[in-house]
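After this come two complexes, each holding chain A, first together with chain B and then together with chain C.
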Partner chain A sequence: MAVSPSPFPQRLPAPPEIGADPSVRRRQRIGAIGQTGLFLSLVIALVALIVLLLDVVNKIGGMAVYGYKVDPLTVVPSIPLEELSQEELLQIARDFIPAERLDELPDELGATLEELTTDDLIGVIYNEVPNPETITARPLDTLADQELIEVLDNNITDARFNQLNAEKPFESRSREELIELIEEEVLLESALKTWPLFDSLFNRQAIEEEIQANYPGSEYGFHWWLTPEFIVSDLTTRPETTGLRPAIIGSVLVIFFTILFAVPVGIAAGIYLEEFAGKSRINVLIQTNIYNLSGVPSIIYGMLGVAIFVRALSQFSSGAAFGIPDPPPNGRTVISAALTMGLLILPLIIINTQEAIRAVPQSLRDGSLALGATKWQTVRHHVLPVAMPSILTGIILGISRAVGETAPLIVVGAAAFVTTDPSGLFSTFTVLPMQIYTWAKLPFDTFRNISAAAIVVLLVVVILFNLTAIIMRNRLRKSL
Partner chain B sequence: MAVITQSSSAQASVRERISLKKKPRPGETIIQSLLFVSGFISILTTIGIVLVLVSEALVFFASPEVSLIEFFTDTVWAPEAGRVGILPLVTSTVITSVIAMIIALPIGLSAAIFLSEYASPRARGYLKPILELLAGVPTIVYGFFAVTFMTPVLKSIFGADVVEFYNMASAGLVMGVMIVPIVASMSEDALSAVPRALREGSYGLGATRLETSLKIVVPAAVSGIAAALIVGISRAFGETMIVALAAGAGPNFTFNPFQAAETMTGHIARISSGDLSFDSLDYTSIFSIGLLLFIMTLTLNMISRWFVRRYREVY
Partner chain C sequence: MTQIRSLSIQSVKAVAKDGIAGGETQAILETKIHAENLCMYYGSFRALVDVNFRAYANKITAIIGPSGCGKSTLLRTFNRMNDTVADTRIEGQVTLDGEDIYAPDVDPVAVRRRVGMVFQKPNPFPKSIYDNIAFGIKLYNPRMPKSELDARVEAALRGAAVWDDVKDKLKQPGTALSGGQQQRLCIARAIAVEPEVILMDEPCSSLDPISTLKIEELMVELKRDYTIIIVTHNMQQAARVSDYTAMMMMREDRAGEVIEFDETETIFTKPKDKRTEDYVTGRFG
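Moving on, here comes the complex of A and B:
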């Protein structure tokens, strides 16, 4: 039964040379090839990890060519056709009415264009030319400051207009600032196409040529998607302006309450099963049950969460039962998410706590009990302090799992579009991985870019957690 | 005689002063019951899961459009249109999982053999964190990787017209990478539980290290390796984010891995990420899928635990 965990000693005595038997050489050669093959599997794993990281990094920045979502000519003021002279109107008609229509028109009207009055000519132009205002539109850079402000006022909501005015009064903004503002707010300047980071760094010349060929006259440049502003800004529907702050705050809140629930309960259950539980039927049932729970797919926990916490207990999870002022309409809140996530990582923490407690030498307990300590005193003062670092390692791994877990929260939170920061237990929420999912699902380059930027934030947190746990455990092994 | 009576009376007086009865300790009892309650929460969780899945699935099966026979035989899943055949969701779940295991089993097992039979403790200290970091990457990141890297690679190898934008192969391959650490760590446990005497006997007969590993240690650990394989499959069945992003956004009854087909978990994730009304057939239908998924993974996990117990008993 006693199993030696140590591997077979590394230095084997060299096999005696039996030059006469050719099969020995062959077998040893096969052995060497086999060893390389086995080692290769770890190389593959390492390569997969590196490629995965590079693939993400490849999308957080790169060349981008910019354009307007809204045609500038449709928002700027135009000269009314009525103010134009007969010659100018004729010119417009000849330039913008298709040639075959021009031939047909005199028959339909019973007169040539030149014979028409100004008013009739204007009518013809309105009938035959789509969007005639854009023909006489005045380009943005010819407008006066006051006209620029009017363009803004006419094309964005009053609330946004007042907000911008409060940030910095329009009268005190320079012409360039005003034009920039219009480009951002009204014309929705955005990246039309983006290139991966490594291409942009090593192949910039070719990309610039491609841009000049396919997007003549467009602005282009190097665009970082992962910026400090991206991390601290509000969520919007546009990749160019959106940020992560609500998602980060949501993640922190959910994880905080998850820890608050799962860590004490998990450690307590682990202590119970290792130190207090006898071999009674219920204890065996609890133990088997925990192993089974650890294998339940995470999305099933999400369904449990949505049916129990969100739906059945909606009065409590929306905070309505506690008299919260203007509670959310349903239970898709931080507390539902935290409880679901807590149940999900509970088996993980329990199993790990049990292993940590099992590793504490029996002699410590015997000594304490022999001196008259009670069971709980023994556990509290002798077993737990020794097992604590190892328990903590497990908790860190559990939290790291919770930070990256997406599926149950999609079911519980329904991937809500949340623009305000979640503020407490009873607010609707979004979390980092949910935001990544929402963006990664959209088949547009720019959403992939911000998705990758958010992944970098998530990975930094998760890998830091994991590295801490690995280092802590290796230290523990050495000290034991 | 007198001496004896004297001593027995002295004993009696000592016994009066020291009670050997268990002292009532209310604090101790309270703490013990609190600890028990914590343990019992896990039972409540299981009861909750079963209750929720079964009750909502019953509502689903009770609705007039749904028949149990159709559920297991029809090849179209469209609850709102009255077609509720679970088969397309199950086949794509199985296909992606099989692809994943074709990747994960050889790589994971080789890594386990190398770590347990070849690597020095020092080398293992450097090599194992690779697998642990791979295991720590959130699955949503793997999903992103599948869509933005694996699918374009498959398209460039097999042709853009053969490989669809969403496809099961890409999701399966990446899921395989995700499962490698699970298979590796479980197999390694099984391999290192094989007694040293078996290896020494093999070396004594002149076997090389590779022969010993493959012909002696691996067969001796086969039940543990089977357990790893089964847990891997169960993980693949239950994995959501990779398939939700990469495998497809609609049920499709097909056996072509280069086509898009939504899996059970992917469907649940997509349906519930919309604004779902709690009274709709869509809502109850995902619980019927969830129930089937729960039964499938639970069965696999139980079989795997049975395998693990077997090798623990043997050695």
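Moving on, here comes the complex of A and C:
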């Protein structure tokens, strides 16, 4: 039987024996190198992420040495010198006046201290000892409750005093609570220096030695900056006492209204573009522009937001047009921020919706149309339910972006410091990233600590939003 | 409506006299779908040229021919599915019971209720088996009582010979069934809205021989109540199940045309066209 001629002009090299083919081994080796490269990329990404997270976590707690900003002796009541006996006054003079001055004084006064009257002695002490009243100051823990309350009353504003009293009447507070209150409100107890978390865990000995050398007699201990109180308290100007509640509420409110605006509009626009709009030149132009808009820097959306929502529509964005009582003076409100953020993530959601709808097989549409369903019924009952899980994925991405976005909100006017919680569409507000940014740029370690703590809170908020969307998506997938 | 009905009967009688149906057939054949000088264009590309085609009521008409000759395109002109593709148009006429389905005042949605379709690849909705059937019914009677809906779903599933396979799992997704069951589910879905014509576009091409046999038996059952037009690549299938056969070929300019239309027996035993003979005997190309 004749061998039929090969259809190929040149034969491939004949295969050597199986198991000893160098070309196969070489090709497999190239594959192995490629695979290693893919794996290394993953490692790089993970390492970068972990380093970032550790850096944040490193600041949320650690050793801290405390001190008072205000000398306690200057705020507590002291025993007037006039009430002291001559003996006691002499003792004070000997203890507090430097030795060489003690030697010079008899010549200047023309008499020894012992010869002076009590009044003169008091005069000498006033002249020679700095802050003489602190000499006889009575330590906080020796004061009676009523005296502690007086200390508070004398050293903080009436408004604050009344506020604290309203929170819990002073009379019903324990002695320890009162002292703690004085330490916080009057003495401004604060962390003089802080150490990073991992250092504090593994080098505690060295840090304690350093504290004892540099801050003798100071209180010190392990301090968590991320505490439940931090999450639920008001914003204050001091890192030790400030909380994050208004920023958390602000973030959640802004995101909520952003979703409320951008998700329905984005999905609707995406459906229209993909299912109903033809391929006319205008539609192609619109499509191209949407792709471009998704790449526009966020600060530009911020400026757009200022021009339109804050300025031009200030009557509406401040709520004045709707007759709400006490409208804010301008449109720097939750609704302006939410609409700006909404515009920012709208292209993202539109594009993602389109892609999700494009991924729905045509056979599904055909099946529905062939039954005599209208285009609308087909989209409503078959295309949308199938596309919904992927659409939600896009929404997750959009929300994550919006939660972390700072630049547009700086422009639109998130306040760096608000004392009241935002309560609705027309409140002034601040948001988490804004607060993080404000704190992080201050040149104090303690502000960096609370900034890190706020970052952790922000991450948790993002995760919570995403988790909700992911659970919804999985439910939808299951119901298909 | 009565006017149209009587009109169509006249045309049917005319057809019978024409004798296109062949001399042996004595019963009066009612023309259900009639394409006359049909040309169909995708943009500037002419996909069909001068097609003349008839499907008689309660008969199975097969469309055969080589790949790319426009069989599916022709089939999809009968329920205006081609309208879902942008930039298509037709010349000539397609009538359903004598009514022009491409008349300006005809909504393709209305046509599709009367002309159902089963596709090449089973395409059940990703919903429960029950909802697959109920969707079509609800389109035409959204407020049907549950009991009546249940009865209709069962009737449709029985009609498509798939009831015994699925009666215990109506709430399970239709996509979880086997390929053959899925295709019968799609047939059930189509007949649930009581169409007059069922178009089948290679309904067995993705099925194994046993499932194919079941579908073929089902088609023979169904022609009692429906007019069936089937596109197939399978010569044996066309010979086994169809009463009439249209043979399509591609012209030089790649436009498809019907080169021969006759009773299936005639097409397979004594075709008039040499190309048909070559094709059905497997000597084509």
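Simple rule for what comes next: the second predicted complex is superposed on the first by the 338 of 480 C-alpha atoms of A that agree within 3 Å, B and C clash if a C-alpha of one lies under 4 Å from a C-alpha of the other, contacts with A are read in each partner's own complex, and residues count from 1 in each chain.
Convention: a residue touches a chain if its C-beta (ideal position, glycine included) is under 8 Å from a C-beta of that chain, and two chains touch if they have at least 3 such contacts.
Since the structure is predicted, the reported quantities are computational estimates derived from the model, not experimental observations.
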First, second, both or neither for A:P329, with chain B first and chain C second: neither
Touching partner for A:G278 - first (chain B), second (chain C), both, neither: second
Touching partner for A:T374 - first (chain B), second (chain C), both, neither: both
Which superposed partner A:L52 touches (first chain B, second chain C, both, neither): first
In the superposition, chain B vs chain C on chain A residues touched: B
Which of chain B and chain C A:S363 touches, first, second, both or neither: second
Touched partner set for A:S298, first chain B, second chain C, both or neither: first
Partner chain in contact with A:P130 - chain B first, chain C second, else both or neither: neither
Doubly contacted chain A residues - partners chain C and chain B: 374
Residue ranges of chain A in contact with chain C within the complex: 278-279, 361, 363-374, 377, 381-382, 385-386, 480
Interface residues, chain B side, partner chain A - complex: 25, 27-28, 31-32, 34-36, 38-43, 45-46, 48-49, 52-53, 56, 106-108, 110-111, 113-121, 125, 127, 129-134, 136-145, 147-149, 165, 177, 180-181, 192-193, 195-196, 199-200, 203, 206, 208-211, 213-214, 231, 234, 237-241, 244-245, 265, 268-269, 272-276, 278, 286-287, 290, 293-294, 297-298, 300-302, 305, 315
Touch list for chain C against partner chain A, complex: 79, 81, 84, 86, 109-110, 112-113, 116-117, 119, 121, 123-127, 135-136, 139-140, 173, 186, 189-190, 193
Of all residues in chain A, those that touch chain B in their complex: 1, 3-8, 10, 12, 15, 27-28, 30-31, 34-35, 37-42, 44-46, 48-49, 51-52, 55-56, 59, 264-266, 268-269, 271-273, 276-277, 283, 285-286, 289-293, 295-304, 306-308, 311, 343, 346-347, 350, 374-376, 397, 400, 403-407, 410-411, 414-415, 433, 436-437, 440-441, 443, 448, 451-452, 455, 458-459, 462-463, 465-467, 470, 474
